Amino acid sequence: MIQKEMCTITNHQQIASNIFEMTLQGDIVLLMDEPGQFVHLKVSEGIDPLLRRPISISSVNKESRQFTIIYRVQGRGTALLSKKRTGDVVDVLGPLGNGFPLDETGPNETALLVGGGIGIPPLYELSCRLVSKGIKVVHVLGFASKDAVFYEEKFMKLGTTYIATADGSYGRKGLVTDVIETEGISFDTLYACGPIPMLKALEDKFPDKKVFISMEERMCCGIGACYACVCHTKFDKEGSSYKKVCSDGPVFRAGEVIL
Amino acid sequence: MIQKEMCTITNHQQIASNIFEMTLQGDIVLLMDEPGQFVHLKVSEGIDPLLRRPISISSVNKESRQFTIIYRVQGRGTALLSKKRTGDVVDVLGPLGNGFPLDETGPNETALLVGGGIGIPPLYELSCRLVSKGIKVVHVLGFASKDAVFYEEKFMKLGTTYIATADGSYGRKGLVTDVIETEGISFDTLYACGPIPMLKALEDKFPDKKVFISMEERMCCGIGACYACVCHTKFDKEGSSYKKVCSDGPVFRAGEVIL
Amino acid sequence: MNRLQVELPGLSLKNPIMPASGCFGFGREYSRLYDLNILGAIMIKATTPKPRLGNPLPRVAETEAGMLNSIGLQNPGLDKVMEEELPWLEKHCSVPIIANVAGFSEEDYVEVAGKISTAPNVRAIELNISCPNVKTGGIAFGTQPEVAHNLIRKVKKVSRVPVYVKLSPNVTNIVDIAKAVEAGGADGLTMINTLIGMKLDLKTAKPILANKTGGLSGPAIKPVAIRMIYEVSQQVSIPIIGMGGICCAEDVIEFLYAGASAVAIGSANFADPYICPSIIDRLPGLLDELGFNHITECIGRSWKTQ
Amino acid sequence: MNRLQVELPGLSLKNPIMPASGCFGFGREYSRLYDLNILGAIMIKATTPKPRLGNPLPRVAETEAGMLNSIGLQNPGLDKVMEEELPWLEKHCSVPIIANVAGFSEEDYVEVAGKISTAPNVRAIELNISCPNVKTGGIAFGTQPEVAHNLIRKVKKVSRVPVYVKLSPNVTNIVDIAKAVEAGGADGLTMINTLIGMKLDLKTAKPILANKTGGLSGPAIKPVAIRMIYEVSQQVSIPIIGMGGICCAEDVIEFLYAGASAVAIGSANFADPYICPSIIDRLPGLLDELGFNHITECIGRSWKTQ
């Protein structure tokens, strides 16, 4: 079920350079079942900006009816969001889309969670859920540079965590794929969220593994009605078969859609 | 001189139904010399709404660098203004236009100040200044109804004050012109601000008196450059001679412009 | 008496509010949010003879008080619309459906209009001669009065339901087109489709949309829509369904004043998926405030002598 | 090296920023706020042969991310502009002046262009064949390629300075008009003028503007302006001064990317009277951020192969 609710901000803080963590409270939380789903936020009343902004749910607490998002200030919409104060309300539509499948990894198996930048937030709830099912998790998290790093300790509490930065200013220098290779990380299932080149590299590197990726596209409706976010399937590159990132995704099995 | 300044709200409260009083602080106050001038406010950052809003200066305190405006929530712009909190800043352009002439009334003469609705605010500073020059002031203030009445006591402290309401729910029932007639108020100079029909009635009623009126028109630039607020002069009804309300007014001598 | 009831050729509307074509798919998604039966009608996504994948991504870009789209008439094709989408709609709601008919040649339009108008819940078709996002067809039919005229005559011959024609605002003289369309036999007009626009990326210097240009919709275009409806409604005698930037009940009244008899809501669904039901809820109260008994009293009030 | 210097026919601009015609009067008022010498140029208010009072009030209405105006070419007339306004400008600043020339017949345009181009500080004229707010003349010249072409030939004969022609966006095919104007001998284009729009009053049901329709300007029309400049700049070889909704330095770069060589700022002056100086201040830093040495590197970057 999808709901629209004015949720109250219970916590809002900057956690890295340009990165904010916001916790919101409302009944909508009771509907949030799959890690990897997202919410569609109206960051201001009125027409400026006009459209909602899709942001992943990064953690959920049903008891306190609170959920958390982590976002980077990118343009006007996220800049306006970052100015809101605790106690203000935000218009939330959600939960939207299909999340990461939890049952594709068995107990005692290992899940590798790979995230890049603002693709990392949804992996946090995913990791919590996998761990609570007795699954071993390994995280490889890529950031642009040291000052963009967030949630390192939180992930470390859940499992082994490698940090890579593009400029080498923190953790290992290089790409997440380099880290997986040099560390020789072995796993049963791979869950990934981040920039398309990263997703592509992972797909190419592990053609025989169970790999799940989460996609990003520009959206309007967020619920599958407007055809803004459509991507081709590998099965039918030119034809009329397609997937909508907002309602069929954002999580897909690797190979399902063309990156 | 005209200045643009981000002024800080030092006080903001509702003083009647839909009517708010806001006090702002800034160096711009040092330029505010003539009662009847106005400021041009940007009520929000960004493009919604796009244009500034003209609001009269209702009182000025140069020592504390504060000035006060009184406004009615009319549409989107004033509604947004009314949501600002003490400590917030407002983008103020001003002071604009020409105010009421103080030297047209001699000491020991009587000035009649007639205001209707949100035309009343600029009369407050005017009255203070006239009184400080030793001039006797009489106020006739018209409101729609009882719940719209504001500043009655403040005006009473300065001089005799009659209140009229259109629906008779407070003070005398009827128009300000009725009050002037039934009370047989005599005066040397008349200063008026309010709806056009009121200004017209006053002009017609006192053709031989010194009458000064303050006009309202939709504005863009507020400084005389865009020709949005132009009105014909009585002297040249059809021709190309004209006055700009923003920069030649808003205060005109009765008869100068066509109402 | 239903104060919101409006009667138009083929369409008995219990209120004048309907989602605009392309912004509501075929109704399935929004049916998860609210009961579609509350709507006056539904304008479904453009249908072409064959399935279409549409234009490459990105297909949407936000602009000041508006948005650009270059979806490019993506749709599952006539057969699937007839076999799956329309029957699904019929099963789930009893609201009149207005089928948006698109194509790349006269034959395309004729084929789709002929077949789709036989569906029991399709009460009218909306001939889309104004799509700015395809290279051939679409807007090419909507900018030349004669071409539009001929197309409509052909479509009228095959359609079993009234034909509304969707006009493009990207023309020098909208009244000329409207008159040609009326003379061609159209039963009504829908206006306006999107203005052609573009947005460039500050970093790459290239258009944000893969298709380069897109259709501008949203509040930004409302003054253009109002002006065109005001002009056209005084020059034709067929009714107009108005659209272009409607965001609230007040906007609906403004469109009716201008001369529209009903309205469609497009981009505003994206900002608030419950916008149609909220507007419908609000209308009776707004009529009270404005002193109208019945919503039809608003129609053309900006130019009618009272 | 001045990184913001742009050379155009008749105009040596120390930066590509100028206030748009009609939004800056004849410069006097804004000179009270800042030194006009910092501007690249100034486009003065339209001038007609005789003084004009313009249209009745209200003449302006706010819309979403835009505004409507129906000033109607109010101006003190050619003689007074020659005798008072231009000499005042010459005395107070050394910036090139672009004189906006308007009229109701070919003779009007020829008369104003011939005389005003003799003023020593008028370095170019901007032929306003796109004013939507007067009943005859204005836009009538700007929507028909042939009419525009003939007018420009006549004006070119009498003008002592380069002639820029201001195009109307209210046309089906802007490229056709632009080509006709170029063929007529224009030295440059300025685009876009306003889109025709209308706003109705919720209470009275009547148009807010006394003139009923008005010209829509502001950020709302920016995507239309960008699209038209993108299309036209690839089809003509004369330079374009771009305008339509510019509010910040980033917008300026977008217009240059699209194909403009300089820009004019209109409605944004009303929101922030210091907008021109702020943009001029910000441009060098923005060029650094984007990695450009010189502002001319931005021109046409959206379509030029690098």
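Assorted remarks:
Residue numbering begins at 1 within each chain, and the chains themselves are lettered A, B, C and D in the order written.
Basically, contacts are C-beta pairs under 8 Å (C-beta built on N, C-alpha and C of every residue); 3 or more make two chains touch, one makes a residue touch a chain.
Because the structure is predicted, anything quoted here is derived from the model rather than measured.
Applying the stated touch criterion, the connected components after subunit C is left out amount to one piece. Interface comparison, A-D versus A-C: the higher number of contacting C-beta pairs is recorded for A-C. For this pair, subunit B with subunit C, the centres built from the Cα atoms lie 47 Å apart. Centre-to-centre separation of subunit B and subunit D, using mean CA positions: 36 Å. Shared contact sites, meaning residues of subunit B that touch two or more other chains, fall at 47-48. Shared contact sites, meaning residues of subunit D that touch two or more other chains, fall at 64-66, 219. In terms of inter-chain touching, the protein chains here all touch one another pairwise. Contact residues on subunit C toward subunit D in their complex (touch as defined above): 63-66, 68, 143, 170-172, 195-200, 202-203, 205-207, 212-213, 216, 219-224, 226-227, 230, 245, 250, 253-254, 257-258, 290, 298, 301-302. Taken in their complex, subunit C has these residues touching subunit A: 22-25, 28-30, 32-33, 45, 50-54, 57-62, 64-67, 69, 71, 74, 76-77, 218-219, 247, 267, 269-274. Remark: subunit B residues 1-2, 4, 42, 47-52, 93, 217-232, 238-240, 242, 247 touch subunit D in the complex.
Of all the residues in subunit A, the ones that touch subunit B in their complex are 46-48.
If you check the complex, the residues on subunit D that touch subunit A are 64-65.
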